[in-house]
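Heads up: the structure comes next, in C-alpha cells.
Going in written order, the chains are labelled A, B, C and D, and every chain counts its residues from 1.
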Amino acid sequence: MSALFLTAALLGNFSTRAQNANLPVTPQEIARDALASAQAGAAIVHIHVRDPATELPSMDTALYREVVDRIRDKNDDLIINLTTGNGGRYDPSAADPAIAGPKTNLLMPDDRVQHILAIRPDIATLDLNTMVFGEEVVINTLPSIRRMGTLIQEAGVRPEIELFDSGDVAILNTLMAEAFFKEPPLCSIVTGVRFGFVPLPETLLYARGLLPRNAIWTGFGTGAMAFPMVAQSALLGGNIRIGMEDAIWLSKGVKAPSNRAMVEKAARIVDELGFDLETPRQVRTRLGL
Amino acid sequence: MSALFLTAALLGNFSTRAQNANLPVTPQEIARDALASAQAGAAIVHIHVRDPATELPSMDTALYREVVDRIRDKNDDLIINLTTGNGGRYDPSAADPAIAGPKTNLLMPDDRVQHILAIRPDIATLDLNTMVFGEEVVINTLPSIRRMGTLIQEAGVRPEIELFDSGDVAILNTLMAEAFFKEPPLCSIVTGVRFGFVPLPETLLYARGLLPRNAIWTGFGTGAMAFPMVAQSALLGGNIRIGMEDAIWLSKGVKAPSNRAMVEKAARIVDELGFDLETPRQVRTRLGL
Amino acid sequence: MSALFLTAALLGNFSTRAQNANLPVTPQEIARDALASAQAGAAIVHIHVRDPATELPSMDTALYREVVDRIRDKNDDLIINLTTGNGGRYDPSAADPAIAGPKTNLLMPDDRVQHILAIRPDIATLDLNTMVFGEEVVINTLPSIRRMGTLIQEAGVRPEIELFDSGDVAILNTLMAEAFFKEPPLCSIVTGVRFGFVPLPETLLYARGLLPRNAIWTGFGTGAMAFPMVAQSALLGGNIRIGMEDAIWLSKGVKAPSNRAMVEKAARIVDELGFDLETPRQVRTRLGL
Amino acid sequence: MSALFLTAALLGNFSTRAQNANLPVTPQEIARDALASAQAGAAIVHIHVRDPATELPSMDTALYREVVDRIRDKNDDLIINLTTGNGGRYDPSAADPAIAGPKTNLLMPDDRVQHILAIRPDIATLDLNTMVFGEEVVINTLPSIRRMGTLIQEAGVRPEIELFDSGDVAILNTLMAEAFFKEPPLCSIVTGVRFGFVPLPETLLYARGLLPRNAIWTGFGTGAMAFPMVAQSALLGGNIRIGMEDAIWLSKGVKAPSNRAMVEKAARIVDELGFDLETPRQVRTRLGL
C-alpha cells in the first residue's frame, strides 16, 4: 500500500442549498471549507464560485480572487485547483437544433480561462467532454481544448484533465502524442455524471488501462457512488476526491454537515484500507508544482 | 462456438472514390454491392445513399427507395438496414461557439427519419452519440433520440442502437429501464471512430459487460482495426460487421476490390474460428422481423 | 448498495501465538471469539481447532464439539462453518518425489469430514485447490472432492466451496454441470495464499465472471490485503470475510487485539461504503439453512 | 499491427493415432512435420518424443537426438524447443493417498532435464503447474522448479515458462523478483487444459496483465478453442501456437491432415488479421538465442 492525495471538491455548479443547507456559497464560506478540508487531510481543493446574491454559478474573477486570498491568508501549502468548466453548454432549440436555445452558455475558450490567467492558481481543470447533459449537451471541441490548454499552461498553471468517458481518454492520448501536455499528465476519471463513465469498479479498471502509463490520476464518483469510488480508486492505485460537488450525503439518509466531514470520512476509509494521505508539500513535489 | 450474423456496411458518409475507386455510389452500384454481399454471407446490409452527381451524402428518399427496390427485385430475404445518422453535426463558429458555423447540418428529428417512415425497411440505425467529431461535434440529445426512436418503432421498423462510447450504453440502459425499446435490444458497439470507443479487445469486453443482458450486439472497428474487430467480436460472442463504410483496405497495401471481397474475407475469418454465419431467414427469426 | 454477510475466520491452521498473542486457541477462547464476532456483526464464524497443549492444528471431533456447544449455549442463530481443510498436504521426499516426505499429512476423504458427520454444523468448507504450498503441495483430487462433497451434503450440511485459483472455478463449474452441488452454490474466492489467486481488484473481477451466475460468494485476501479485499469484495457485489486466520494485523504496525476488533473494523469499512450487514437469520433465509 | 512468432506443437504426450492417424510418432515423422511446419511459417517447433514401438511418451535422449539431428540436417535456423514436462504426475492411491498409485510417474528434477543437458536445444519448456489432472494431479514443487530451471539455464538453454493458471504466474513473478530467470522471460499462457486457465478471451487479458511487463508471451488453447485462441493471442499482442499437441481437428468434423496444415491455417488467420509472422532469425534476435 502506498500514499495518495485527496482533492476536496467543495461545491461545483449544480449542488444547491435547497439540497443541502451546508453547501458553501460565499467566498468566505468556500475558503472556510477549503481550510477545514485541508485540516482533515485534503492536499488539493477544487473550487467553483457562486454569485453570493443568487447562489448561481459565477465566473467572476473577483470572487475567485477573494476565495484564493482568504485561503492563502491562512495556508500557503494547500494546492488550489480552480474550475474552467463553465461555458460549455449548448441547448439545441426546439424549433431548430442549429439555433441556440435558452440554456446555452457556450463561451469562447479565452473567456473560460480569464480567471486562471488573472489568478494563476496551482491547477486548473480542463474538461475534455462532449456529451449529453440533461436535455442539452456539453461541448468541448478540439480547437477549444487546445486553446484553453495552451493558455493554462502558458500561465504556468497545471491542467488537470477531466475525463468523462473513454473517448476523452482518446483525446488525451492524441494530445500526449503531440507532446501538448506537460508530463506526467494529471487526470481525473469522472464517473457517475450522466451520461458518461458508469460508476462501476470495472470502469475505473478499464479507464486506468487506457491512460498514459505515467499518468497521475484520481477516480471518483457522484451521489451514492461517491464513497464507494473513493475506496475503488485507492484500491486501483489512484488518488481520491470527495466533497459537496459530488454528493450531498454523508451516508444513507444523513446530509453532509460540511465538506470537512466528507473529507474526514474519505480519509478514514483509505486509512482503514492501509493508505497514507500525502500532504500538500508531498503532492507539490510529486507534481512539480 | 455458435452462429452469428454479418452486416455489410456498404459505403457510409465519409469514404470517397478518391480513397477507393470501388466504392459504390449510385443506387445501382449500392444495390449491386448489397446483393453480392448477401451472396458472400451477409444477412444484413447497412445502407447510406449519395447524390450520384456530387457523390456527397444524401438523405433523398427517392435514392433510398431506388436502392431498396433494386435489392428487393432480386432478393426478398436480405435484411435491409438504413441509416438515420445524417443531420447531427454542429460546428461552433470561430467567433461565437453559440452560433452555428458552416459545417453544421443539424436537423429536426422528424426530418432525419422521413425516409424510414416512407420506406419502412427492416432496420434503421439510431445513433446515441454526442461526441467530438473532427473539429466539430456530433449531437444527439435525449429528446431527439426519443423522438426518432418513437417514430422508427411506430413505423414497425427495428432500431439498431449505435453505441460510440460507454455513456451511450448508459443512455441505452436508461431507455431500456423505461421500456422504450422493444426487447431484445439490437445494438452496435462502434469502435475506432475518433473520439469514441478505442478499438481494443478490452473495449469490447468492457462494453459487452455494460449491455443489457439480452442484447443482440455487433462489435466492429474501422480502418486497420476493421478485420481484427471482426475476429474480436466473434470471439466475445458478438455478431460482425464489415464493408467500405468502415475500411477501404482489404489488407495492408491492398485496396478492397469490392464490398463482396470484404464480406468474403470476414466470413472466412469467422469460419476459420469455428463460427457459422446465419442466413437472413435465421436472423429474421432471431430478431422477430 | 445492498446487504452482504460477514464471515469471521477466527484462527486457521497457520497463525500462531508467537505472531499474535491474542490468537484464540482453546475451545473456550475460540467460542468466546465467535460470540464476540457475532456481536460485532459476523453472521458466520469459520472455525478450525487446535490441540490446546501444543497449539497445533487438530481434527479432534471432541474439540470441535466443545467449540460448537459453547457457542450454542449462548447463541442459536450464529451460523457455524467448520473447516475440512486439514489432511491435504503432500511433501515429495528429497530422494524420491514419489515417496511421501515428513510433512505429508494426506488423509482419506472420509477421515477429513468425520467431525462434520458427527456434529453437522450449518456449513463445512470444501477445498478445491491443488497447488504449490511452501516447499510442498496441497492436493485435492477430483475423486476426493466428490467423496467429501457427497458426505457433507448427505449429512445435511452446506458446503462452502473454496476457490484458490481459476482452475478451481473450472472444477466447480464442472461439478455444477453435473448438478453435484445444491443450488445456489456458496463459494469463497481465496486470494493471497501463495501460489494461488493474486490479491488484486482485477482478480476478484475476473473470478466473479467465471462463477455460476447464481453463486453466493465471498472474496477475501490475506495479510496486508485482508482489509483492502473486504472493500473490494463488497464493491464487486460479494460478501466479506475477516479474522485472525487471514491476518494478524489490525492496521500497519498494530497487532489485532481480538477477532472482534477485526470484525468491527471490517463492518465499519463496509458500512462507510453504504452496505448493510445481514444478520444470521437473514443469511439462513438466503442460503436455505 | 506488428509481428509475432508461431510455435508448432507437433504431438505432445496425450494425442494418439487412434484420435488422428496423421499424428507424427517416430523421430522421422516428427522431424518431417517440424520441417514442413517451418515451411508453413513456424519459427519454433515444440517437441515431445514417443517410443516408436508403443507410441507412448518417452524421455529417451536418443530419440530426441534423432529428431534434432534430422531437423538440423535440413534446417539450421528453425528454433527447437524440447519439452521437460514428463515426470510430474502423482496418483494418490485409493487406499492411502500418501502412497503413490500406479499412474504416478514423478521423477527427480535432474532426470527430467537429462535430454536437455545432453542436446542443448534452443529452448526447453519449464512447467510451473501443480494442478488436478484427470483423476490424478501434476506436481511441480518450488524446489523442483528451481533445480530444473538452474540446470536448463546453466546449459545455455532458454526456458519457456509454462503457465497453466494464475498461481503459476505468481510463481514466475516470485522467481523474477529473485532474478532467477534471464530477462526478458519467455512464457506461455496455457488455456484449456483441465483444470487450469479457462480458454476465454478474458483469461488471456487477465493473465497478460499479471505477466512481467517485458515478458515475451504466447497464449494458446486446446481442442475447439485452439484456433480461436490463435486469433485471441494475436489480438492481445501475444505470439501464437498450434499443432497436434493442442488439437486433432483442423475444423469442425475435419481431422487435421498434418501439422503443416494446422500451421498454414493459423498463419492464414493472423495474416488476415494483419500480423506478420517472424522468421526464426528474427525470433533468435528478439530472444537473444
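Keep this in mind: a contact is a pair of C-beta atoms (placed from the backbone, for glycine too) under 8 Å apart; a residue touches a chain by one contact, two chains touch by 3 or more.
Here the structure is a predicted model, which is why all the values come from computation and not from measurement.
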Far-end chain from chain A, centres as C-alpha averages = D
Could you grab the centroid distance between chain A and chain B? Build each centroid from C-alpha atoms only and quote it in angstrom.
-> 36
Per the C-alpha centroid definition, the whole-Å distance linking chain B and chain C comes out as 51
Return the distance between the CA-based centres of chain A and chain C, expressed in whole Å.
-> 42
List, in ascending order, every residue of chain B touching at least 2 other chains.
-> 202
Considering only which chains touch which, label the overall pattern as line, ring, star, complete or other.
-> ring
What pairs of chains are touching here?
-> A-B, A-C, B-D, C-D
Chain A-facing residues of chain C, complex = 1, 201-202, 205, 224, 227-228, 231-232, 235-236, 251-252, 265, 268-269, 271-274
Within their complex, chain B touches chain A through residues 90, 92, 96-100, 104, 106-108, 130-132, 134-137, 139-144, 164-171, 174, 194-198, 202-203, 206, 209-210
